[in-house]
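Two complexes come next, and they have one chain in common, chain A, joined by chain B in the first and chain C in the second.
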Partner chain A sequence: MLNGTLRVARFHLTLYRRTWRATTFTSFLMPLLYLGVVGIGAGSYVENDVEGFSYVQFLAPGLLAVVAFQTAAEEAGFPLYAAIRLTDRYQRMLTAPLSLGQVLAGHLFFITIRAAVSAAVFCAVAALLGVFDSWLCLLLVPVAMVVALAAAAPLFAFTARLTSSANLMTVSRLVVLPLSMFSGVFFPVEDLPAAVQPLIRISPLWHGVELCRGLSGAFTAGSGTAPSFLAGHLGVLLLWAAVGFALTLLVFRRHLSD
Partner chain B sequence: MPTFATAGAKLHRSGTFVLRGLLLNRRAWPNFLSTLLEPVILLLALGMGMGRLIGEVTVHGQIMSYEQFVAPAMLATAAVSGVVNETTYSFYAKLTQRLYEGYLATPLTIGELAAGETAWALLCGGVYSSAFLVSMAALGLAPSWWVLLALPGAALISLAFAAVSMAATTFMRRWEDFEQVSIWMLVMTMCSGTVFPLETYPGWGQAIVRLTPLYQGVELLRDLSVGRLTSGTAGHVCYLLAMSVAGFVLARRRLNRLLAN
Partner chain C sequence: MGTGDALISAQGLMKRYGDSKVVDDIHFEVRTGEVFSLLGPNGAGKSTTMRMLSGTSTPSGGSLRILGMNPVKDGPAIRARLGVVPQKDNLDRELTVLENLTTYARLFGLSRKAARERSVELLEFVQLTDRAKDLIDSLSGGMTRRLTIARALVNKPDVILLDEPTTGLDPQARHLLWDRLRELKRNGVTVVLTTHYMDEAEQLSDRITIVDRGRIVASGTPAQLLRAHGTPEVVELRHDDGCDPSHLPALRSLAERVEVLGSRVLLYVKSAEETVAAVHRAGLRPSGTLERRCTLEDVFLRLTGRSLVE
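Here is the complex of A and B:
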């Protein structure tokens, strides 16, 4: 099982070594642009602390989770659609001695690696800018990987069902963008209308944001995090990943076999 | 000497482009709605969400709520993004698929072609701007009827950006070049005195931002939407008009070269 998964991941990494330049903007520059413009620019007008952080320190861990989330959404969008509907790459992989589970797990593993690289670059720049007080912020990178997994797996199931690429744009505008903007990254979820809050609290991104922010507080201010806090959020993220993976397998079995 | 009859024929031939766009896009409204959602979401999240944290800002000596500060900026962004799709990707596709060669076998001139495509883009931009203005009003961000004056302002922004991005598209050599478009769009959207006041920048930064077209457009809409008309307002109008003319002339010249034979 593991060997096949690693081979698939290595296939994706080999491709990515050639094509990573095309993702420079979305993976590396866009989060830093938001950090500068919203965190430092608009943040200079936020007078009070937000949940005990200065605004830019409130924003940065949230943006880290967004980086992972958007990387996952990007990979689970057109690249996956193309691989199953246009180039038949998945179908061709399956003619090798690989199981469907291995092909999927390998692709997901590659996505978590991509998220880790983007997150690490973001952390390093934020630490250099003094937004994170301590290099311990690099410990947030594994959290970003879990967020990417929890977002990619259910989106895989969605993309696998599509028969036209037109709906991909709609997903990115109706799901990815609103979640990125309203999951407590830019302002606390409590400021949203009460009716929307429960919806946001389900999303993997919100759990990722809470986790990153809680841990960054623990690393920088030594405020400590309760084990139940960690276990709760991590549990929801892993649940999303597991349910998404199972659903994707189901959808693939039904649609990819014919 | 042109007569009314030839002017009418010119208008008719350019108008064909608007008709073509309408016919082709009559089933594209879900896509339209989701594109419109983008500036509305930014307004909700950055304007109203962050507005609760920021409260009030002082811009050019005037105190206003943060969401009132952001709203005209997002209107300007909607006016731009409404035309940019049609004048970049879509226009490039038509250029490279040699659609225009066929058109030019008819009495259509290249000037009419450029005017027709600009008119179609303007219609798209106008629909986006109006729809965004309605959302603004629904969110309670239209303080008075003066806000309607922002619509012609938004149309001028659309015109200027349509002309320039059409001209820019004639220089594109491959699809990958368009990556630059989305990068510059986002940088412009975020940095042109849209999300935080110009005064936040150091002096030299302010000087640079003042020269950018979106800043000019945003300031124009900030003036128009509250009915404050000054010499500065006229300056913004002149800047955008000059940009429209320059873009159009360049686009026509480039199209002449690309399509002449």
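Here is the complex of A and C:
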């Protein structure tokens, strides 16, 4: 199982080496732009601390989770659609000695690697700018990988069912963008209308934002994090990943081995 | 039935999509080292059968064994020893000719070095060595097909499945491909191919199963099929202003069987030469006559009342 999964991930990485330039904006530049413009620029007008952080320190860990989330959403959108419906990359992999589970797991693994690289670059720049006080912030990279997995797996199930690419935009406009705005990245969820708060609190991004912020507080202020806090958020993220994986496998069985 | 050395064996194979039976009670056996063809028109169920063989489509019924394994359960283990050439080329347009082979070989677990060596060797085999660094889009149809076949050989398969390997290629490209397939057979590879070209099936195959609308129409060696369902020779009469139906009774008396295909009338006979003479003696004046031997195309026409290539 593992061997095949790694082969699939390597296959995606090899192909990604040809096209990575097209993804630099979402992966690297956009999050840093937000950090500079919103965090440092607009943030300088924010007088109050937010939850005990300066505004930019509040924002940075959230953006880190967004980096992972958007990398996952991007990969689970058109590239997946194309690989199944347009370029037959999936059909090609499935004539090799690989199971549907390995093909899926390998693709998800590739996405978590992409998310890790983007997150690491973001952390490094933020640390250089002094937004993170400590290089311990790099320990947030594995969290970013879990966030990517938790976002990509269920989105895969959606995309794999599509027979036309028209609906891909719907997801990015109605799910990915609003979640990126309102999952407590720019301001605490408590400031949202009470009716929408529960919706946000099930999103994997919100759990990722909370985890990253909690941990970054622990690293910088040494405030410590409760094991139950870690376990709770990680648990929800892993649940999203597991349910998404199972759903996608069902969809794959129906559409790729019919 | 049930011969011990059957490498592939299908019994009562079925595939249903909704209410339509796309593959309906197909059975065949393929022995080690032979070339086996599924011959049939568009929509006969050839590709569907091939996909079930490689374990990428699940049968709705019947039993299927390949390399001693069950494709539904052992898909990956079977594909480790299988080469698959799909009907539609799906090479990677972002990669060069050589990289298409190496990346695919790596999916089979070959080391970087082994993948490269094997790929270089295969480019030689399909005569594409000088195109190694080119992108896929710059290849002709025949080259693309050859590359897809090379790709199916990265794992030194025991069996290669080729779904319409030569459709859309010019005669020269087809002959080059046939030559490569014969070479594979000489090397002991078992070849399963689909085609709707009767000459291809006849030239390459040891045994043929003719399918139409998901069902088997006839099976056997090319010679058996011709003997059982054909006549030694055929005369084609061409009528530029259409065939006069009043001539048909006269024609029927001259031939074992008569088929009318638009402006052509086919006479199935023992001796074409004698028949042409008889046609002229009877005062019939077709615009042209063609004498030829009987082919699998004629067998198919006889068995289904339709021609293979529409």
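Convention: the second predicted complex is superposed on the first by the 258 of 258 C-alpha atoms of A that agree within 3 Å, B and C clash if a C-alpha of one lies under 4 Å from a C-alpha of the other, contacts with A are read in each partner's own complex, and residues count from 1 in each chain.
In this section, a contact is a pair of C-beta atoms (placed from the backbone, for glycine too) under 8 Å apart; a residue touches a chain by one contact, two chains touch by 3 or more.
In this text, all values refer to a predicted model and were calculated from it rather than measured experimentally.
Novice: Identify whether chain B and chain C fit side by side or clash on chain A in the overlaid structures.
Specialist: Superposition check on chain A shows chain B and chain C fit without a clash.
Novice: Touching A:37, do we find chain B (first), chain C (second), both, or neither?
Specialist: A:37 contacts chain B only, not chain C.
Novice: What is the contact status of A:228 with respect to chain B (first) and chain C (second): first, second, both, or neither?
Specialist: A:228 contacts neither chain B nor chain C.
Novice: Put simply, what angle do chain B and chain C open at chain A, by C-alpha centres, to the nearest 10°?
Specialist: Computed from the C-alpha centres, it is 90 degrees.
Novice: Now for A:163: first (chain B), second (chain C), both, or neither, which partner does it touch?
Specialist: After superposing on A, A:163 lies clear of both chain B and chain C.
Novice: Is A:11 touching anything from chain B or chain C once the two structures are fitted on A? First, second, both or neither.
Specialist: Second partner only, chain C.
Novice: One more residue to check, A:19. First (chain B), second (chain C), both or neither?
Specialist: second
Novice: One more residue to check, A:89. First (chain B), second (chain C), both or neither?
Specialist: A:89 sits against chain C, while chain B stays out of touch.
Novice: To be precise, I mean the smallest distance between any C-alpha of chain B and any C-alpha of chain C in the superposed model; what is it in Å?
Specialist: In the combined three-chain model, chain B comes within 15 Å of chain C at the C-alpha level.
Novice: Which residues of chain B touch chain A in their complex?
Specialist: 30-31, 34-35, 37-38, 41-42, 44-46, 49-50, 52-55, 57, 66, 176, 179, 182-183, 186-187, 190-191, 195-196, 200
Novice: Could you list, by residue number, the parts of chain A that touch chain B in their complex?
Specialist: 22, 25, 29-30, 33-34, 37-38, 41-42, 44-48, 50, 55, 166, 169-170, 173-174, 177-178, 181-182, 186-187, 191-192
Novice: For the complex, which residues does chain A have touching chain C?
Specialist: Answer in residue numbers: 3-4, 7-8, 10-11, 14-15, 18-19, 87-89, 91-99, 102, 256-258.
Novice: In their complex, what parts of chain C are in touch with chain A?
Specialist: Its residues touching chain A are 17, 54, 56-58, 75-80, 82, 84, 86, 88, 90, 92-95, 103-104, 106-109, 152, 155.
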